[in-house]
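Please read the structure below before turning to the comments.
Just so it is clear, A, B, C and D label the chains in written order, and each chain counts residues from 1 on its own.
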């Protein structure tokens, strides 16, 4: 038996970039949080502290800022691909580069004035190896609620089950979704907006008997409308809203007054996929 | 010398209420975080643990939910006044009730479907005593940025000053504002929207030589347009965006590529007031 | 009626300083978060953007780091006093300087090795004006629990009261305390440790009929043992632990199994003071 | 091509349990955050909202509390195994149960009095399937610093590299480690303490030329002393401390005054393993 180095990677996390594009008096604004992780032949630095194969994480940060100037910053998927390919191409010891980007949205208030939106964060994770490129897009923090059109009954009952069945409850969730693209070329902005619109539409229009059913509807509508997406993984917390018992005050609560709970919460996770797509080249939805 | 009880208060903090108003198939939604603090003759419980003058904080929570049913929930200022007056009126030992409310906004997606906004939180703090009522409204989390039209120069220089003067910088802040009303009656919703629009407009339109100047413009525009507001207190972090030095890479950075800094940050706090308004009845802006 | 500038201040918040004191091979470590706010004649920058009376917040940050080298960093109260006095003394337009410091504790693991503690943060807020100096010390994040020796009964009951009386409950809180010193000279380290020990001792030894009673015991023990402290303000969330009803599973829960609740929580705030101390020179406990 | 359901699971997340063990007047205290996820034949609820195979997440929560009474709560690994096995054994449609536990430490202050520690959180993730059981233990939030004995040089330089080489820097990290056990039986408490002591000892004693080298030392010392552990994964943020340039103030900074940075940070991730252990039965370190 020997003790040996296993899988590893390193990089610079959370480089905060604001890029202003100046088109005369009208400015554009891109606001990103960029994280980079490289893997490859990194044994020497682990075993002896020999850094001859280590590109400093400080250099990765510098590269983010320099590329933002040299190439501008458009869709986050494009910027992530540009960075990931750069590291694989220029660093012979690097086998794989993963670039993750969070994008924060701003609404325009004037030619050079903006207000930050807070209703979601757009994400991407790009993985480039010598042989393959994989692009995953996603969204976090999209909070949705239906105040009715949600039932939950017919479930398993065991010794520890006390939950009453209901034919009318609040269904609320904070969508955390990632989807894998079939290719490394797409109209990324249009694809993102289409996927989000499909998820929102499905959430609104599904008369729900379980959050799992809503999840499946959301994923299905995304895939049916977006041929460029191979599969989608949704992580949906069931943000419980508890009906308050007002009967002790001689008041009737007809699904009007709710406690918004913090913890615990249900957590529903599922993938919706096509049955004919090539497998992922890198694990992507854990 | 004796050791004695000084100022004190107690209550229930952060009662999370979601109130659905059902008008046939179309639902309305109010989402609040309510905190209550009472003060008065509370010596007995402090000195001997005699709770005969203590209304349980659990009862305050119940009252929030019961009132939400009995009276509905409209503007947060109204709901806070209703609660505060209830405790002062019904509890003889209570001299003062302070009710604070955070309101979270939701956009409508359908008759009973909603998406949570994340671009600001509306706040109110109402204080009711036997003699006086004070209403403070506010906003937090409103993040604004101008990518130009901001200069900073002509400042004091001492031994420890290294900051270069600039005639073009990013000005960004997360507005945290509170304003005191002259009366306990107003069109609260219209007043709130008017105050926020005034702040945003002033931020956009002020060519700024200091964040203090922008603060003064914001406060002045609010007061000039909203006669129901006595004074306003703005707390504006200067969210620094540092220009990246790209010259070492033979690149010129013409105010295009910035580091969005976390800490430290400037913090500018100021009040704009009318010179003829009655003083506050309770400290309100610390 | 005119719209005028009211109270205001500005400064640099959250300057993160780590100071290593090298005494041969054995190093000492101080880890601080320093915030500075100055007030005085700041009308010009607010009204016209004339910054001739504005020391940049960047300079305040530089001063923190330079003073850390020039003077070393001992007790946080001392370092805060040094900084606050510097700004009032050297800036004629400054009437008042407030310096707030959070101190993070580290346990020694070796001559130059440390592990960060996480069981509390030590705080100080020093206010220096032309006429007066006020030193407030404090602690946050000290979480304490008694699993018994706490009762709650005999309280007011109204229409909305449903809470059952109890003679055995968990009492848990996260101590947030501030205390005002009588002088600007003290053995700060010893004073802090003495105050914290007194609070902890009183929490452990008080058989409690209300959290208010426990608060009073804690404050009283601090003042009785620390003559250098004029008064103390305690903010104690009542971190509710709800007894789980296991009777539906034919199990008896004899105060053994609890839900640790998040929100809402009780919030008990009180001051314990001496009846013969001079009043505070600056508001300090809101 | 068809759109189909892919991998999925569901459960109750973050059930907060405090368990008091009463041994006469001396109480014991266990404070856990328990998350459960089940997978198996869950097609019906996804496709049609038929919940006949769905054990409610509310029932999972109830089970946590009931088991805490029935069986007591000892080591978190044991409690997690008990729960996971229960769900696989009693629910025929469940193929796999994953139970994750965060354990919060408390120091004893008296027979029934405790102070919460904040210097780390102990974790475990147990996965039970019909065929296999896998136990992973871990720690998060253990913050360590060496103020010297760390160098970084000899690294790759490219066009974007500006980092100077250094022979004396601060090395600080917040250890996030997980380790996989060879068996589902062990002296879990002793194993945990041994692993943490080994990591801390290696951090203190390694003269470091890269954080990767320190990571390898830490993992190696854990495996060499703990035969029950198959492999360990360490995620180590490089919490940068930047030397302040005080030369502009005519002060020399001999590695004494540092800025503690927030973002960006390096992120070093690596696995140390034995070359003869059976593979994991479930992905565990992403």
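Everything below uses one rule, namely that contacts are C-beta pairs under 8 Å (C-beta built on N, C-alpha and C of every residue); 3 or more make two chains touch, one makes a residue touch a chain.
Since the model is a prediction, treat every value here as computed from it, not as a measurement.
Counting hops only between chains that touch, chain A reaches chain C in a minimum of 1. Contact count check for A-D and A-B (C-beta pairs in contact): higher for A-D. Chain B and chain D have centres, each the mean of its CA atoms, that are 38 Å apart. Once the centre of each chain is set as its mean CA position, chain A and chain B turn out to be 31 Å apart. Rounded to whole angstrom units, the spacing between the C-alpha centres of chain A and chain D is 22.
Among all residues of chain B, those that touch two or more other chains are 16, 62, 66, 160, 162, 249, 262-263. Across the complex, chain A meets chain B through its residues 16-22, 27, 29, 31, 62, 65-66, 68-70, 106-107, 109-110, 112-120, 141-149, 170, 200, 203-205, 241, 244, 246, 249, 251-262.
Chain contact summary for the complex, chain C toward chain B: residues 1-16, 35, 37, 42, 45-59, 61-63, 66, 90-91, 151-158, 160-163, 208-210, 212-213, 215-216, 219-220, 223-224, 231, 233, 237-238, 263-276, 283, 286.
Listing the residues of chain A that touch chain C in their complex gives 159-160, 162, 248-249, 262-263.
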